[in-house]
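In the two complexes below, chain A is the common chain; its partner is chain B in one and chain C in the other.
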Partner chain A sequence: MAAGDAIRSTRPGGRLGRVTAALVQWLPLGIVAVLWEALSRFLVGGDLLPPVSQVVVNATDLLLQGEVLGHLSVSLFRVAIGLSASIVGGVLLGIGMAQFRAVEDFFDVLLTMTYAVPKTALVPLAILWLGVGTGTAVLVIFLGTLVPIVVNTYNGASSVDEKLRWSAEMLGTSDRRRLRKVVLPATYPAIFTGVQQAIPFSFIVLISAEMVASRRGMGNLILSYGQLGNYDQMFAVIFLFSLVAFATVGVFNRLRSSVLAWE
Partner chain B sequence: MDVETSLDAGTVDVDDLTMTFDSGDDGTTAIEDLSLDVESGEFVSIVGASGCGKSTLLYLIAGFLTPTEGTIRVDGDPVLGSGPDRGVVFQEYALFPWRTVLENVTYGLEEQGVPKDERREQAMRYIRMMGLEGAEDLYPKELSGGMKQRVALARTLVIDPKILLMDEPFGALDQPLRESLQDHLLDIWREVEKTVIFVTHQVEEAAYLSERVIVLGGSPGTVLDEIEVDIDRTKDRSDVVTADAYNETRRRIRDTMHAEADY
Partner chain C sequence: MGMSVNLPGDEFSMPGLAYLKSVYSVVLLVVVWEVVAQLGLVYYAFLPPFSDVLVRLVSLSLSGELVFHAFVTLRRAFAGLLLAIAVGTLVGLLMGRSRSARWFFEPLVNFGYPIPKISLIPVFILWFGIGDLAKVLLVATDCVFPIVVNTYRGAESVDEKLVWSAEMMGSSRRRRFRRVILPAALPDVLTGIQIALPISLIVTFVFEMISGGVGLGSLEIQGVREFEPTIVFATLIAIMVIGLVLDRALRVLRGRLLGWE
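Moving on to the complex of A and B:
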């Protein structure tokens, strides 16, 4: 269960309670919007910081023109591929480490060593290997999201309740089947947590990679508008991308509560 | 040697059992030179203060742990690991949280390769026996402690073990619920004719349920006393708890445990 759900469930129920809760949740965003608008209109000036109302209008125009959608789909495709690869690799690695001492010893050092390396620093190297384009973005997303998925999966798979394993054993589950019947289902929540942590990373790393190593995508679009001095449009793209990232996180949270209804 | 008339219940012979857990340089000995026999169809309680090794003894009989010295035989055959002939019920229930009540109860049948229709039919029989009709599709998190323990019992009974090993199964439940489940367990024991080894720290529970009480104590744990409880178990609770045999048993267990604690 996400932390937000846990907090919400302790609040008084009923329609009024839910409306109040929703208002409270969106309040900080509202305050930021008001401050932003005031700052831009009365202090900094629209050239440096376009007012939020203008950004929303521009973002809507961009959407209607449709060009941005091409860039967005390129970006989302890269995230989807990079993240999928990292989920597959991370889950295999995490469970492997939890199950086999040798795998754990081998990758433990490697992960600890690479943990603190900013994955965006690998962009130039990735360009060297894969050139400018999708390959580089995907590789950097993969590397940037692998660690949270491995670590969460490993922690989940290595802390499966002993009594659950014994229960399965006593009911006739062989050592070979235990992984599929007990360890994997018991680890699903940890895997989901890992992916939930990885999603924001994937968007951050994507933009960094696309700014340097791509001729398409949202990162490239942001940088292009910035270099042209077209800050209105640049802000609009950032705004749209934030919305998409926010929606992705929301969709994934929904997915978790429907797949892991038993949690 | 008439196979036809033999009960579907097993015997347990424990000989000179010693269990030492490795912890650093010198191990901790939980059980030393412990011997006991349990007859087919018998209801035996093992009672003792916490830390006397009673749960360890149960896990050794279950085959989850391997003894340091000594042997355990079930129906004359040495125990080499856990198996569906010995069903275990844990205090913590240890239900599979990702499976519904029905899926928890069918688990053991799945592992034995019983066809799906038959699995459901057999599981429903035990779900009804435990008074769980209507809760089949609930997940463990939606159940009360008492219901969870009924599911755990159904999950174990459905694989038709010869011996039921119960580790403080009602320890986490409050008094009225515990008493009702005790009576339910006695009804089931009469109906299914299994051997039951019931671990508890509760003197009243041991005296009320069992035909024989084994008092464990000391560090490392050994058998301090063995008491046959001669009560007509077809009578109601109110008759049993006023019977001399029940109260005499209670007094004797208590005296043995107190003498041990004072020492």
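Moving on to the complex of A and C:
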């Protein structure tokens, strides 16, 4: 991320230079992989920690068999629905709180209270309401990611440049139009920041909900492989899901910087 | 990294009178909750009356059960958090002040931070059993990342003039670390801890739900298994109070420590 770019930019240009720089930059991950491999082959044994090469092979096998893809798509579907709902709800609530005193007064304390709840504690409640499965996972993801989006949107929308709002008012723009054309666009960067903070939480809460209250999805798959003693598969699925989470965060950060390039 | 929740600012704090005026929504919700539940408009398991939950909360507290579970949970979470603070501050300071440390740790942190460490629960059970050790170590593994990242940011942006002056006055490298760099990085270290605190509880709860035994997480999930919704709601209220108190406590601590900020 930021500091990585700094290292890259100090290197002389040219493809070879860039490749070397990237190699040097990511070499520590290679070192850790070699240590892992050695640790598992010579010290602890493959039962406790399969060698990293074995994990990669197993992960590829699992992918080719295809069963894991079903679980992965269930998990990603849950995240997509839960996160979309919290983006829509969070942006509406955040802007509503920034614009209308009554909305702010009503939700302020409620948000402070929900903010203080470590979100995985909501899993049992969601089970009471929706039983075991997708509904529970989606609900917990929604509740778990709502707060950062509301807080960021609220902060962004309350600090919209007063001059912009006055100008729009003076030009005779209606309240609704002003919200859509002035306040919302000025709040985009804050909304993106909120979503950026929400994404890692959505994965944490997803895995938690799936481990405790689901018969499908990556969290459930990891836990049941562990309980059955299929540790090779367990490590492979964790590896796959880590890559997916890492890639998602990376793609979103790229998206954010390209969308907000004008900032 | 931009993954941190905005903690240091006190976005929702209010002075006295406004506070009283603004809690009306909570009172309203509780009244609606009680009425809806008493009229039997929803299933008991879905939403037991608030008064029943209160009765359960009081009886769980008086029997000492709730306190015991909370104590066990907090002990696990704090032990993990303290471990993460020790390791994370050290690594973060090193990354901020040494090129080679930065080179080594930066890709590991960049790769490790976005990964949901919570998926390692079965791995830690395999390695360390289902007791306290596994929970404490997983909490530490998860909490160490925000602390490293924020400490690093703070240590990196220490005013170089301060460091030079200390150097010129002949203070040793170790002393400089303790007397100049650590205090200057303290606000960011505290931000890291503020982000890590809820994570420590999040991890402990889920681990307890899965491994069973004692702790607020297992108490809550036990309420689900035994069809005792009042246990679930009572535990949740206790968890909310604990979360609020800890969050406020950290903010007060921050204010005390950074009086000069």
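The criterion applied here is as follows: the second predicted complex is superposed on the first by the 222 of 263 C-alpha atoms of A that agree within 3 Å, B and C clash if a C-alpha of one lies under 4 Å from a C-alpha of the other, contacts with A are read in each partner's own complex, and residues count from 1 in each chain.
Keep this in mind: contacts are C-beta pairs under 8 Å (C-beta built on N, C-alpha and C of every residue); 3 or more make two chains touch, one makes a residue touch a chain.
The structure displayed is predicted, hence computed values, not measured ones.
Q: So in the superposed three-chain picture, is A:N155 touching just chain B, just chain C, both, or none of them (first/second/both/neither)?
A: Only chain C is touched by A:N155; chain B is not.
Q: Figure out whether A:L43 sits in contact with chain B (first) or chain C (second), or with both, or with neither.
A: In the superposition, A:L43 touches no partner, neither chain B nor chain C.
Q: Looking at A:L64 after the superposition, I want to know if it touches chain B, chain C, both of them or none. Which is it: first, second, both, neither?
A: neither
Q: Determine, under the contact definition given at the top, whether A:A102 touches first (chain B), second (chain C), both, or neither.
A: Touch partners of A:A102: none, neither chain B nor chain C.
Q: According to the stated criteria, A:A261 is in contact with first (chain B), second (chain C), both, or neither; which is it?
A: first
Q: Please determine whether it is chain B or chain C that touches the greater number of chain A residues.
A: C
Q: Using the superposition on chain A described above, determine whether A:S167 touches chain B (first), chain C (second), both, or neither.
A: After superposition on chain A, A:S167 lies in contact with chain B alone.
Q: Based on the superposed arrangement, let me know which partner A:Y225 touches: chain B (first), chain C (second), both, or neither?
A: Touch status of A:Y225: second partner only.
Q: Intersection of chain A residues contacting chain B with those contacting chain C?
A: none
Q: Where on chain C does chain A make contact in their complex?
A: These residues of chain C touch chain A: 1-6, 9, 11-12, 14, 21-26, 29, 45-46, 102-108, 110-111, 113-116, 118-123, 125-127, 198, 201-203, 205-206, 209-210, 216-217, 220-221, 223-224, 229, 232-233, 235-236, 239-240, 243-244, 247.
Q: Applying the document's contact rule, which stretches of chain A touch chain C when the two form their complex?
A: Those in contact with chain C are residues 1-4, 7, 24-29, 31-32, 48, 105-113, 115-125, 127-129, 148, 151-152, 154-155, 193, 196-197, 200, 203-204, 206-208, 211-212, 218-219, 222-223, 225-227, 231, 234-235, 238, 241-242, 245-246, 248-250, 253.
Q: Could you pull out which chain A residues touch chain B in their complex?
A: Touch list, chain A to chain B: 161, 163-164, 166-173, 177, 181-182, 185-186, 188, 260-263.
Q: Under the definition above, what is the set of chain B residues touching chain A in their complex?
A: Its residues touching chain A are 59, 62, 64, 81-84, 86-88, 90, 92, 94-100, 107-108, 111-112, 139-141, 155-156, 159.
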